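The letters A, B, C and D name the chains in turn, as written, and every chain counts its residues from 1.
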Amino acid sequence: MSVQAPHDDARTRATGRLESALRERRAAGRKLLVPYVTGGLGADWVDIVRALAAAGADGIEVGIPFSDPVMDGPVIQEASQRALAQGATPRSVLAGIASAEVDTPIAVMTYYNLIARAGDKRMAAELARAGVAAAILPDLPLEEARPWCAEADAAGVETVMLAAPTTPDERLARLAQRGRGFLYAVGLLGVTGERSQLAESALAIARRCKQVTDLPVLVGVGVSNASQARAICEVADGVVVGSALVRRILEGAGPDGAGEFIGELRQALDS
Amino acid sequence: MSVQAPHDDARTRATGRLESALRERRAAGRKLLVPYVTGGLGADWVDIVRALAAAGADGIEVGIPFSDPVMDGPVIQEASQRALAQGATPRSVLAGIASAEVDTPIAVMTYYNLIARAGDKRMAAELARAGVAAAILPDLPLEEARPWCAEADAAGVETVMLAAPTTPDERLARLAQRGRGFLYAVGLLGVTGERSQLAESALAIARRCKQVTDLPVLVGVGVSNASQARAICEVADGVVVGSALVRRILEGAGPDGAGEFIGELRQALDS
Amino acid sequence: MVAAPSPMGAPDASGRFGSFGGRFVPESLVPACMELETAFSEAWADAAFRARLASLLASYAGRPTPITECPRLSAELGVEVVLKREDLTHTGSHKINNVLGQALLAERMGKRRLIAETGAGQHGVATATAAAYFGMECAVFMGEVDVERQALNVFRMELLGATVYPVRSGSRTLKDAVNEALRDWVASVETTHYCIGSVMGPHPYPYLVRQLQRVVGDEAREQYRERSGGRDPDVIVACVGGGSNAAGTFAGFADTAARLVGVEAAGGSAVGHGVPGIVHGMRSLFLQDEEGQVLEAESISAGLDYPGIGPEHAHLAELGRATYEAVGDDEVLAAFQVLARTEGILPALEPAHALAWVIRAARDGTLAPGTKVLLTMSGRGDKDVAQVKEMLA
Amino acid sequence: MVAAPSPMGAPDASGRFGSFGGRFVPESLVPACMELETAFSEAWADAAFRARLASLLASYAGRPTPITECPRLSAELGVEVVLKREDLTHTGSHKINNVLGQALLAERMGKRRLIAETGAGQHGVATATAAAYFGMECAVFMGEVDVERQALNVFRMELLGATVYPVRSGSRTLKDAVNEALRDWVASVETTHYCIGSVMGPHPYPYLVRQLQRVVGDEAREQYRERSGGRDPDVIVACVGGGSNAAGTFAGFADTAARLVGVEAAGGSAVGHGVPGIVHGMRSLFLQDEEGQVLEAESISAGLDYPGIGPEHAHLAELGRATYEAVGDDEVLAAFQVLARTEGILPALEPAHALAWVIRAARDGTLAPGTKVLLTMSGRGDKDVAQVKEMLA
């Protein structure tokens, strides 16, 4: 058996910037909205980040594009490929984030190879230097996360853990324990992408997550529109919205269109 | 061992028309010339037969075209295919022979399937009825020849046996013993066709044949021109000339051209 | 039907199985055929030769080939089908059994050149393979039509060091390739062994090739008995082009009670539509016209595209010891697909004929439910995939 | 170089061989990987499972495959080459050993759907074959570029009942097919088993696949000893794409004194030019740029066209227990032709890499005259003949 004992416990936790912001807003009765955007996609992507902040995002997920994004569906694959073709690198994306100067806490979402290639310690430091609050690494599960987490913790970067519909209860608890920022509840079995129907699994996993943790629980993957977001927020603390936004950006929405879409979701969640 | 005892002996032999003619001429000091022509090849093939007779042939070999002529090279294959395409059948060729009304004895050359399909007895009778003196069947070796020979003998059709460079001496004697008309000495290892050089094997097989038999010995296969024919006739009693003639016919020589070519050979042998 | 004792023994002294067989070749070849006959009977009686052949078959060609049960196909058909897997041999068909034996024999006779006829190229590739292995010269005769259709197999033979001669005479297919190989042999007989690809041609070939192929039947019988507590199959089925895989298979079961079924292509059914004749050195059944001109066979499967059949099959048919059935191209295509889907095995189109008959016979009740069928999977379908793709398009 | 004791044991609890391996997959897949790990270790310890697998390998896939001496090649090279003949298995490569084991495991786990990635199509065909045999559903992911290049293999898989999904993302080749298979699995993990085609991916795959492939090495060792009076070969050579045929072969000889050599395509040399990284669920060596973006491999051989290598190979390289060499396309083409001409065996382009190294090493003295080499002939060349024809034209 390769399952390791949880390598962290609540006593050593320092609450980071993202988690604090989310907890605070949740406490204020607000439903949390974290849009995802691919870093380096188009010349105006930093403006889009700013527009998302202005539209009421509670946190912003910025993807650092990777050549082999296995957790992503066609839309984000396309966005990653375009961004890479346009010359995006981890460094350029971090520089963009730094230049955005938004108050909204930013989490980078990327794949672990880009971190491993630079080195855990160095990349943690670079994230911190760019003002990144947190990191979401969908191919770095609990058992493999320790070396990175040690460096990230030390650098003050929150590592968001993901929970899936297939995660057993016992493991869910350990994920929540190790998680920082929020607990990312993967809403369905599948990769990122819009779905016309809200998956039943989204509510189920949200419920299960809420039972084991006090961390903010946000559901992502497959959350495509306002009504789905509202339905989920009956149970969860908030949602991550990726493909639905990125598709609009790929279609040329620009900062205005992106801000408008997130503004609508914001309104739906607030009403 | 599948070699059978010779199934014939000299006492029961009746000398046929072809053999008599050839022996007679040989006795008169003449070298024997037997041209080959494919039956049914062109509308004027019967005229060609007549022209060959007129040009001094001592016997005429008429091929009954077969779909799968394994002893024939490209020229005679081509002739056979053309004749078949023009509708030649065993019956039509025999009718042509009958209509030729030449005194020169005629031997048909064909493959055994055409005989077997009709039946040995029936085909022997048809040959006799058409005035054919002899049959040359290159795929009917000694061991398989008995049923056919019995019918042919009975019908008065002489069966010419073939001897090859690979035939051992002991077997050569048996071939000669069973042979009628003449002994066909295959001049080389190979199928019918012109050769620029006279094969050494032609003289060798001729010599070996002469040693075992009193039958006229004619060398065929690879005898292509007058000088080759003369050289062979230093040893053999005569030659069979096939492809060299058929090529000319395929090239449009017609009865005149065919007669002319055979006339030249005649002259060369007589001089 | 009562089986005669040992219906698959040696032919008589004239090389005949009943009234079929013999040796109808040009005089030039008669001594070579006799020499081959002698050489083969000596070699076959020589334990060292047999051991060397067996070792070559094992270590080079991959023998023994397994028998494979077909649970899903059997469930679908209601009869129990077991395959003898000649498709797993080196070069992908039973042809290798024959060529290795003949190459070894050629070596023993001091002949360093092999010639062969080929249709689609299976036997040509097999012969070229044996020639490469033994370091012999190799010439393969192939109808011009087939050369064009099977460019990859031509290239394969060339890679193996063989020279491929396109045959431009007659119908420019297999039958004419045999003629041309015979013509070469007439000229080269002193240095060359003609490696005939099936149980056909002049004596001793039909017997020699059957003996070299009987390893298929002998192995299958032993394997089947081991698997079935000593029982033999009820029915033995194999496709028939010239008939070598069928003869090799039947030889292993001729003295059992098993029913023997050879399956021909409907368009090349020498037993069904042929009449006795003398072609390619043997008396057997051939498709021919009223006059005795040989007709072309027509089949989607190049390996069955032969207008004749080996003389021993003609004899078995006459005896009633084996029966011969014919299947059409559509049934064959369907059988090809059924086996792929149910068992994950792509059969060559030739053995797909055998399967097509089993499918038909199982459906129409000719084979009672539960009948135990052994089918020789004489080759793999990889060679036919492009053709099948086109036909199904 | 002293071999560590049992350098090819099981990985540690985290699925690592030294520092390589592990399980870097989305959380959704973690439980499935754990389930597979448990299922495999139980199955592997279960005599009934092992017996069923062995029987399937024997009666369906054609095991044991022989080892074949190469007298003419050996004479030409001055070193003694023996081949382990995986080219003689059903579907024509060692891939079948792995897929039959995984399909049996999937059945045991109650999963009735198989998915697989494939490059040229060998593993896809093998998986589709196993799925057909077991009556399972099958989806194969294949880069769009490969779908176009390998239309016949696509058709083969379809004949076998599989659905082939062209992958349009990234470089649209093998690497992206793996990504897409992982994406499917993320969505389908409850009903689906991902049948990975080499010793790669998240734990337990590298170990599982190596154990399923070690039959190659175990058989070869026994056969070689039997043939050589108990001696082992001096050098064991195998080509390395992901590394499954090499790992399976090496596993049989890791505890002998034999030198182990893996041969990569020069354009896909993960050991030669790769650096440690985390891709496709494992920490191993990958071709990647300064930032960590994965690069495309480039080789004439689709089966070696993978920018990474199995983690155990990275470990063996680090230990020095195995060495990894790279050969270029031209040497490979030459080796392909040499084996065809001297031994009558058309190798797949992948094992032609292994042979190309042997030829080079024999010529430059790296292999002393008389060295005894065992080379795994991982697949047959039929699939590559059209490509070679084009390249030599």
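Keep this in mind: a residue touches a chain if its C-beta (ideal position, glycine included) is under 8 Å from a C-beta of that chain, and two chains touch if they have at least 3 such contacts.
Since this is a predicted model, take the numbers as computed values, not measurements.
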For chain B and chain D, chains touching each: C
Furthest chain, CA centroid comparison against chain C: A
Inter-chain centre distance, chain A versus chain C - centres from mean C-alpha coordinates, in Å: 66
Between chain A and chain B, centroid-to-centroid distance (C-alpha), Å: 97
For chain A paired with chain D, centre-to-centre distance based on mean C-alpha positions, whole Å: 37
Shared interface positions of chain B, touching two or more other chains: none
Residues of chain D whose C-beta touches two or more other chains: none
Contact graph of the chains (line, ring, star, complete, other): line
Pairs of chains satisfying the touch condition: A-D, B-C, C-D
Residue numbers on chain A that touch chain D, as the complex places them: 1-4, 66-74, 77-78, 81, 84, 89-91, 111-118, 138-144, 161-168, 171, 175, 186, 188-191
Residues of chain C that touch chain B when the two form their complex: 13-15, 22-32, 34, 37-38, 169-170, 175-176, 179, 182-183, 186-190, 203, 275-281, 283, 286, 288, 290-294
Contacting residues of chain C [partner chain D, same complex]: 58-60, 62, 65-69, 72, 85, 87-90, 92, 128-133, 135, 151-152, 155-156, 159-161, 336-337, 340-346, 382-383, 385-386, 388-389
